[in-house]
Amino acid sequence: MFIGVIGGGRCSQKVAELAEEVGRELAKRGATLVCGGLGGVMEAACRGARLAGGRTIGILPGDDPEEANPYVEIPIVTGMGEARNLLIIKSVQAIIAVNGEFGTLSEIAHALKRGIPVIGLNTWELCKGGKKIASIIPAENPQDAVEKALAAVNEVRTPRKRRKA
Amino acid sequence: MFIGVIGGGRCSQKVAELAEEVGRELAKRGATLVCGGLGGVMEAACRGARLAGGRTIGILPGDDPEEANPYVEIPIVTGMGEARNLLIIKSVQAIIAVNGEFGTLSEIAHALKRGIPVIGLNTWELCKGGKKIASIIPAENPQDAVEKALAAVNEVRTPRKRRKA
Amino acid sequence: MFIGVIGGGRCSQKVAELAEEVGRELAKRGATLVCGGLGGVMEAACRGARLAGGRTIGILPGDDPEEANPYVEIPIVTGMGEARNLLIIKSVQAIIAVNGEFGTLSEIAHALKRGIPVIGLNTWELCKGGKKIASIIPAENPQDAVEKALAAVNEVRTPRKRRKA
Amino acid sequence: MFIGVIGGGRCSQKVAELAEEVGRELAKRGATLVCGGLGGVMEAACRGARLAGGRTIGILPGDDPEEANPYVEIPIVTGMGEARNLLIIKSVQAIIAVNGEFGTLSEIAHALKRGIPVIGLNTWELCKGGKKIASIIPAENPQDAVEKALAAVNEVRTPRKRRKA
């Protein structure tokens, strides 16, 4: 299972701790973490996952694999700038958004457009015509976020062809 | 001047009328309209601009120039799906969002991240921690939207090298 | 009609003269020139087209419209680096390659893969298993290149829906 | 080490055997195989690598992870069509081209432009002005190709920051 973790490239210590725990919980459940590969929430989540023995993929905006944070196991180098956000969304079965700014909001919007479940920890709320749009599944804490993400994947999962080898 | 118009690929008659008037007002002021080139808000805005003698560019998601609506004068074919949204944002000096769903929200977020002014007609509101984020400039009507877009461009404009020929 | 002109971002004076004449001949025949928007062959071709009253589109690799050469009338900003080459190929009905290095070769290959006619002026030859592959249509001079490009377009043209307005 | 294997999405049985052996040899030396994730040369190479216990990454052109061949361990979903070829090139330290058509030629050209070593097995030759351009390193057989790829990487390798965890 591939789960995306999205959030700011810089973040407070408190947010980093949330992200690191999200990474750790994903690894403990055998999920592969996919993120944008840079610092802040991305680095903290990768760190949590790697230290717990999990697998991490970083889909990078620039042209250099060395821009990946040191906890990215598999760097994918796109040279596409922020357009790489869409590759994260398309490559995962659910997204956990931790805090985040406008870049995170654009990823949330892309995921919702594609029908990918989005779990939110301290993140954006969406309103239109003064009414809240209940599209983001709110989580209480990192463990809750990971559990809700995996549950959402299992709900939408359709039978898939078996992978060999 | 290049101004983006974003909004849903399908829309109500009422929203189409707003979009068409936005296109017409842009053309009257000599601005080039840039959009995603498909139907709904995009087609209505292009129609308004073309019938008023303006120039229209459609940055298409698919591989076929023929998917452009008939009021696109210059189709740019990307084959990149929704990632083409970013090309619209990057190619304009301001954005007018007319109504719209999650795709429009992702474009608004990208524009705000890049510091491109976003004028909103009947569109999303952004909230975080229960507080409204005042990043979208609200407009009363199409004429107001176009005036606010042009004013925002003139405000942020830095001296640019002259274009020859 | 949209015709792509591809070639190096730097070039000799002699190659620049060829490219400028290609641009001029395209403009005289009412074709819109599409290119990568930078210097060298691209700038020379745009210059030729603009000075002859033609329309020029530059699909730029970077994030800044100001990187366009001064003869680009319509800059499209992609932020995608060399991946923008594909957008040029997809947006035109034929390609004229003027000299060029590996970047040009990749564009030629993409065009041939898509079945877009490629006219070559002083450019690459393709060989496989010691045999020349006759996929690039050779031209004697700029006027010949433009005539062959327009002829190739008319040959492959399928009936298209009418554009209004 | 990340090594790209490129070649046609369909191929003869003989070419498939070459590709499968390339995959197997990469896995035996601990290299991660990166490819376009589809059939033909890509599937054969992935099969060779997986059956020998290696890791395989498929960078897919479409929007569906299920288009990956069954030997892709990590599918990256781009929705960008052939523009995804560049992501393969950017994410590896060397490329092995097995046979291939115009798509492969475009990848070879991109790699050479970026200074990535390209090893060729039965693939394109590049000529200009009637002279062969000696940019592709020819290999005699799959084992030779893999050895030359790894040697080329070690030659160009610059000191890199250590990866943790």
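Think of it as A, B, C and D in the order they're written, each chain with its own count starting at 1.
The definition used in the following text is that contacts are C-beta pairs under 8 Å (C-beta built on N, C-alpha and C of every residue); 3 or more make two chains touch, one makes a residue touch a chain.
In this text the structure is predicted, and so the values were computed from the model without any measurement.
The fewest steps needed to get from chain B to chain C, moving only between touching chains, is 1. When the CA atoms of chain A are superposed on those of chain D, the rotation angle is 180 degrees to the nearest 5. At the far end from chain A, in terms of centres built from Cα atoms, lies C.
In whole angstrom, the spacing between the mean C-alpha positions of chain A and chain B is 29. The distance from the centre of chain A to the centre of chain C, each centre being the mean of the chain's C-alpha atoms, comes to 40 Å.
In chain C, the residues that reach two or more other chains under the touch definition are 63, 79-83, 86. Considering their complex, residues 32, 47, 50-51, 57, 59, 63, 65-66, 70-79, 86-87, 90-91, 160-165 of chain B touch chain C. On the chain D side of its complex with chain B, the touching residues are 63, 79-83. Chain B makes touch with chain A in their complex at residues 80-83, 86, 101-103, 105-107, 109-110, 112-113, 122-130, 132, 135.
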